[in-house]
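The block underneath contains the structure these notes are about, expressed in structure tokens.
Order as written gives the chain letters A, B, C and D; numbering starts at 1 within each chain.
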Amino acid sequence: MPRIVVDVMPKPEILDPQGKAIVGALPRLGFTSFSAVRQGKRFELTVDGEVTDAILAQAREAAETLLSNPVIEDVVNVEVVEA
Amino acid sequence: MPRIVVDVMPKPEILDPQGKAIVGALPRLGFTSFSAVRQGKRFELTVDGEVTDAILAQAREAAETLLSNPVIEDVVNVEVVEA
Amino acid sequence: MTELPLIGEAPVAAESRLNGARIGVVTFPGTLDDRDAARAVRLAGGTAVALWHADTELADVDAVVIPGGFSYGDYLRAGAISRFAPLMSKIIDAANSDAKLPVLGICNGFQILTESHLLPGSMIKNDHLKFLCRDQVLRVENNTTVWTADYEAGQEILVPLKNQDGQYIADEKTLDALEAEGRVAFRYVGFNPNGSRRDIAGITNAAGNVVGLMPHPEHAVEPGFGPESNAGTDGLGFFTSVLNKIVGGAK
Amino acid sequence: MTTETNKKFNIDTVENAANTPDTELPWAELGLKENEFDEIVKVLGRRPTGAELAMYSVMWSEHCSYKSSKNHLRQFGQKVTEEMKKDMLVGIGENAGVTNLGDGWAVTFKIESHNSPSFVEPYQGAATGIGGIVRDIISMGARPVAVMDPLRFGEIDHPDTARVMHGAVAGIGGYGNSLGLPNIGGEMVFDAVYQGNPLVNALAVGVMRHEDIRLANASGKGNKVVLFGARTGGDGIGGASVLASESFDDTKPSKRPAVQVGDPFAEKVLIECCLELFKGSLVEGIQDLGAAGISCATSELASNGDGGMQVELTDVLLRDPTLTPGEILMSESQERMMAVVTPENVEAFEAVMDKWAVEYAWLGEVTDTGRLIITWDGEVIVDVDPRTVAHDGPVYDRPYARPSWQDALQADAFTGSVQDAGRPSAPSELAAAVTELVASPNMCDKSWITKQYDRYVGGNTAMAFPDDAGVVRVDEKTGLGVALATDANGRYTYLDPYNGAQLALAEAYRNVATSGAVPMAVSDCLNFGSPEDPDVMWQLAESIRGLSDACMELGVPVTGGNVSLYNQTGTTPIHPSPVVAVLGKLDDVARRTPSGWKEDGQAIYLLGTTAAELDGSEWAKLRGHLGGLPPKVDLAAERQLGEILINASRDGMVDAAHDLSEGGLAAALVESSLRHGVGARIALEELLERDGVDLFTALFSESQARAIVSVPRSEEVRFKDMCTARGFAHLRIGVVDAASGSLEINGVETMSLDALREAHEGTLPKYFG
């Protein structure tokens, strides 16, 4: 079944405590090549049947209204993935 | 600056309480086209300079060891994104 | 600055023979219940030894408690970052060694133990997605571990539960194996507060020296400061169990 | 780094300001009034630089300068007797007041608001509210030991209420639980007046030894100034984007976040790290960074100290490198502290930072010039007398007058009103009324909220919700502890601000005394509408006058607090809501009195008398009525009642006690029965006869200075003798009946505890899941 992937990230200007904790932990594990980390969310919405334009539009709207909090997050990507 | 994106999803056989809550909420908001939702994590790792193979390998290893817990999660994607 | 007694020095009228047993209590950045765990050790009669996550040597301790809290803010996954602390490698080695160091992980400590693969499975968000604090009845399913020997098999105890990521999960095969080997150490009774598979509240490793559970026995050790029902001291048995074991006392 | 940074901005230096007196500055956009800007120019003897303008604008804001309330707030410091000062170690003016507990122990507590951020983004707004108040407590040198959260939201069934409720409660829990601070109490009030202006107040309490008290001052020339904790980002300056005028190029400034995100983990580390600094006596002065960030910390530290301060701003560690100097000065990024450290202690200080992996930056030092000098890469961008920034802000005597509608409002009594038609009187009607009352949004069980809060962490919580006060042990050796309660009744205060504020104090005082603790100190959070509205200003003035008079009469000083104004939607203000917190002391927390009875056969006494006082009551709210006069205030009676409850607790005469407040006797009886699922048989005939009221009034009136207690048989004589000796009204109204499983009140149809519980506990889950 096809899925729609929605990616949501904290707005760049907003503090991301999780990313901060991760970027602090990485060097302790020997991963020294990363200067910043930000943690966001990835949603996979399963569609029964074909992904029409209308359904994609629904996904975009759900991404903006339910899946992200527009005050602190940006929807960075909405795309269809075939299973 | 280039970033490496790491996507981590709960394993298919693992119940995902957040995804479940979302799939329950969607129809109440009029979004009726989605039969399942799963919520995972998206990490953006910033690399200062060029993304070499070695750095990409580091990102893959970090994804498997720190960014995901193999008991409950799968790393579904590691890719380079130019800013 | 005077050390605040919040760090716990309640006068203890416990058996002095237990004083010699040294129980380490690990503090990570973000650990919250370390003082409580240390107090529980003292109320049970033992000596609590503060351990710091960045230490590279395990001080001369007879057992270790990894207390609850939000180490590293529970960011990424509960216990995920702490698991890589220098002291954790020492604890993992000691727990797996022939000496079988007794290790108890409470709540966040349990999560750290699963992230460290000392215990199987993992914890995910509560099925209701909220933080939940309540007095919870548990059944002691296995009283042969180092940490449960002072309880009767099947004994029901009342201890506080408080967490956001407390839903215990593992694949069916692992769950079946845990059941078959008697490694389900505690089960929720009457109410499953988080959706944990098979009502599992805590588990043990095969040797019975490493035990983890989500509820908080260290918050049920002093009358008046724990659950209102019972005496409020049902959690003390964890600490007396290990102390008695260490000093060689019979059950 | 600095040279590169330098290029990005057109740095407005002091020199430049002196040479370009006519440069237009965006003072109005920054919220300053013309007279205020003129005042700044007068103080400086020249136009301010962009950075100075930023500092003055935030420090002279209502929030930081108390310009509308200062003239009135003075009463809290003036109406104080020697007796009240006896135990006050630090009074109003510091980050939080400090009260002596004896045995070398001291306690500090304070309540603050985070109202409007919590409306915009409930989770983060409420979370950072907890974070901010906890930093105030740390900055006094104390270990924080508990928090409380008085909340007021719109009507329970309004579509937006669930958003605010879910977010704020999760945010308070998410932040407070992660700090390891037990939540021991609060309030939850639903009322349409708070729909667009929810009130999220937060209280924190901390304890310390006397010698560990720290103050916010920078003294000792040559001592170093350090900023530590989180990096500085663009938080809290979203509205002040005009500062982009500082920017060199014409491209749009980078975005500034509209809301702040808290990092409770960073704050927990900051707490432990500060306590380690205090333990090693490594800081001379310390200040938390809250509203107005570095502007506030530098100017307050400097003006409370003995000289001046010199700071290099490019040394501040930034989260966002595009910030301009003015923005850095205004930023409200969370989880930061500023301290003054002697040169000898620098190394030890750094060792503590390294241990906890906390970032820090040495910004400058204390001087003896009497000036606060801030440089940007060596060039002077701020040169001010710090007092003019921190303390000498504008003060307004805003006009106020009793509203024209106040008389009509007070004349509109509930009794006899349209809404009072069909007042319940038959036994079945009364039972239905009691059930309806205890299921109502404001009287229902609040555990939907409180079970999201950790009450156990720390191992010192001796009492928490749903008892009248939260009780925390301070000293494990002796059992010494403190009790806290917060209260406000916006409806009473709307009907009569002077008396309403007194009633808030009376209730908090009563709650603390009910737990057995001796009330010692007060902190208050004054939530009001716009001070530019003379009606609102009158409410504020009257409330402060009432509260300060009552504090004097009850002998409990105000040690700190907070004012939150402009809580209004359009021209409609919220009800005046002075939230009052009272702190009390228990010599041994083992003696605390809980609110629920347990033992079969114990006698139930009602203390105090009941009059027909239904105006502003919960019953009237249920019937949609608000008018008349609030219950009568009798502070002498409150004091007497308090003494009885405290003595009864100390001498073991009562096993349970519950004060009567909103919902009156009906609510108290149900709550005490449901606490442990133990019923009672009640007969009120003697009461009706003595007080000349009917059964409905006896149950639903909200007369003050009352409590119910359960007394063991063996103590009854002693207890009655004590009440008689003190001349305080007391009446045996019933007996605890453990077997019945019901609440029986003569003249009221018997109510099963199961049914009452279902009604009482079902409400919040019904609306919020």
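We adopt the following convention: a contact is a pair of C-beta atoms (placed from the backbone, for glycine too) under 8 Å apart; a residue touches a chain by one contact, two chains touch by 3 or more.
From a predicted model like this one, the values you see are computed outputs, not experimental measurements.
**Q** Sort out for me whether C-D or A-C is joined by the greater number of C-beta contact pairs.
**A** More C-beta contacts join the chains of C-D.
**Q** Taking each chain's centre as the mean of its CA atoms, how far is chain A from chain B in angstrom?
**A** 8
**Q** Can you give the whole-Å distance between the Cα centres of chain C and chain D?
**A** Using C-alpha averages as centres, the distance is 35 Å.
**Q** Distance from the CA centroid of chain B to that of chain C, rounded to the nearest Å?
**A** Distance between chain centres: 31 Å.
**Q** Out of chain D, which residues touch more than one other chain, so two or more?
**A** 263-266, 357
**Q** For chain A, write out the residues touching at least two other chains, lowest number first.
**A** Within chain A, residues 17, 21-22, 25, 29, 39 contact more than one other chain.
**Q** Multi-chain contacts only, two chains or more: what residues does chain C have there?
**A** 72-73, 75-76, 81, 84
**Q** For each chain, which other chains does it touch, given as pairs?
**A** The set of touching chain pairs is A-B, A-C, A-D, B-C, C-D.
**Q** Which residues, counting only chain A, touch chain C once they are in their complex?
**A** Per the stated touch rule, the residues are 17-18, 21-22, 25, 28-29, 39.
**Q** Could you pull out which chain C residues touch chain D in their complex?
**A** 1-6, 8-11, 29-30, 32-33, 35-36, 39, 54, 69-70, 72-75, 130-134, 160, 162, 164, 216, 218-219, 221-222, 224-226, 228
**Q** Which bits of chain C are touching chain B when the two form their complex?
**A** Touch residues, chain C against chain B: 76-77, 80-81, 84, 114-115, 120-122, 124-129, 167, 169-171, 195.
**Q** Contact residues on chain C for chain A in the complex?
**A** Contact set of chain C toward chain A: 72-73, 75-76, 81, 84.
**Q** List the residues on chain A that touch chain D in their complex, please.
**A** Touching chain D: residues 10-17, 20-21, 24, 69, 71-72 of chain A.
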